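Two complexes are shown next, each including chain A; its partner changes from chain B in the first to chain C in the second.
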Partner chain A sequence: MTASEVASLLSLKSICVPAPEREVLGGYTGDLLSWVMGRAKPDDAWITIMSNQNIAAVAMLTDVSMVILAENVAPDAGVAELCEAKSINLFSSELPAYELCVKLEKLI
Partner chain B sequence: MKELSLNILDIAKNSVKAGATLIEIIIEDAGNRRTLTIKDNGCGMDEEFLSVVTDPFTTTRTTRSVGMGLPLLKLAAEQTGGSLGITSSTGADHGTTVTATFFTDHLDCVPLGDYAGTMSTLVQGSPDIDFDFIYRTDSGLKYLSTAEMREILGDVPLDTPDVLLWIEDSLNAPPEEES
Partner chain C sequence: MDPLKIHFEVDGEDFSSAGEASVEMKKKLRQLGIPADVIRRCSIAMYEGEINMVIHAHGGTADVEVYPDRIVIILEDHGPGIPDIDLAMQEGYSTANDRIHNMGFGAGMGLPNMKRYTEDMTVESTVGVGTKVTMTVKL
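== the complex of A and B ==
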């Protein structure tokens, strides 16, 4: 399933979607960036409440296919532009991380 | 990082890479404020690099386009209400000083963690570099100076297993009371 399909089925808000056709093969949730760096896998959808520019770096290093900001967290200034430039799909949702995980699990 | 000690390890390795011969690591706890200072006499950074060094897309590593040591330390400090500062010089008195302040009563403040293990790991990885470690709290002082150790140990290399164990044990021992 592609990132844009996941976004549509989970009713996510698009912040920037430079790579809508990226495959989503799994999911990971976590906010401690150093921890996520070592554990999220390529092609995961990563669900987090962190919003600073470091999320773009972690998304790049782990090669996740999309980042979903839970609980209506808004990205800090400049983060959307950074994600666009680094080809990282960034979405947000009003749902908490737990509920996003449960719904994602049923899709993939 | 789940422990500040892991951040310290990361930053001190930058100092090693910068060719430092002396790295000072100072932690001072006063009330709810923790100040971490890592000071080296390495090659330093020019102003242009200094201005972007906490940007995760900057690094001296060639294997990836992002370096996370300083960005994560900055995040760890700021999420407690503290801050990160860096000064650096490439001139005659070359070197870099990283200072991070934390408010330890903030819920998002990570624990200091295994600093004794961090110091032993650093000495093991770079036994020919000198490290000064000072941890000062309201209840006393912990102190390690590899230069002093060298004077006592003579030709015994600092990465000898018994020496590394002694480093950990001495830092894990109760602090000396300051007179």
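== the complex of A and C ==
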């Protein structure tokens, strides 16, 4: 399933979607960035409440296919532009991370 | 054969842009046609090192050497040094402050991740002088 399909089925709000056709094969949730770096797999959807600029670098380096900001967290200033430049799909949702994980699990 | 060498300066002042050297290295390794899994491991290991240098050492340098059979990453700083390297290598051990924690770092996973993603890693450190980390990822 592609990132844009996941976004549509989970009713995510698009912040920037430079690579809508990226395949989503799994999911990971976490806010400690080193933990994410050590555990997230390529092509995961990464669900987090961390909103600073470092999420763009972590998303790019781990090769996740999309980042979902849970609980209506808004990205810090400049993060959307950074994600766009690094070809990172960035979305937000009003749902908590747990509920997003449960819903994602049913999709993929 | 001489390796292809890439040099990066890691800015210690700008925490929000930390990771730029790793992202740049990733692009360069892609251009060289290095396998995706190797690039991923090199990039994550280097990013963790970069973050460490920004958090603890006011920046430093990163040198990447690409050989036909391996990639070597050398990170060097003139920070405070690591008094007990074995302790620093333990998952969960961290000396980072609350400001760092609030940014999502300081989980005590940096050095363990660097070791996890590389085939070989050596840490040389002298308190008050600085730290040098050499990592090798086989191709």
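The definition used in the following text is that the second predicted complex is superposed on the first by the 108 of 108 C-alpha atoms of A that agree within 3 Å, B and C clash if a C-alpha of one lies under 4 Å from a C-alpha of the other, contacts with A are read in each partner's own complex, and residues count from 1 in each chain.
Going forward, a residue touches a chain if its C-beta (ideal position, glycine included) is under 8 Å from a C-beta of that chain, and two chains touch if they have at least 3 such contacts.
The structure displayed is predicted, hence computed values, not measured ones.
When both complexes are overlaid on chain A, chain B and chain C end up clashing with each other.
Once chain A of one complex is fitted onto chain A of the other, the partner contacts of A:Asp63 are limited to chain C, with no touch recorded for chain B. Looking at the shared chain after the overlay, A:Leu32 reaches both chain B and chain C.
If you count the residues of chain A touched by chain B and by chain C, you find the higher number for C. Of the two partner chains, chain C is the only one touched by A:Pro42; chain B is not.
In the superposition on chain A, contact of A:Gln53 is made with both chain B and chain C.
The contact surfaces that chain B and chain C form on chain A in the two complexes overlap at residues 32-35, 37, 52-54, 57-58, 60-61, 86. Contacts from chain B toward chain A in the complex involve residues 1-2, 6, 55-57, 64-66, 68, 71-72, 75. Residues 31-35, 37-38, 42, 50, 52-55, 57-58, 60-63, 78, 86 of chain A touch chain C in their complex. Taken in their complex, chain A has these residues touching chain B: 32-35, 37, 52-54, 56-58, 60-61, 86. Chain C makes touch with chain A in their complex at residues 16-20, 22-23, 26, 36, 40, 43-44, 47-48, 51, 103-105, 107-110, 112-113, 116.
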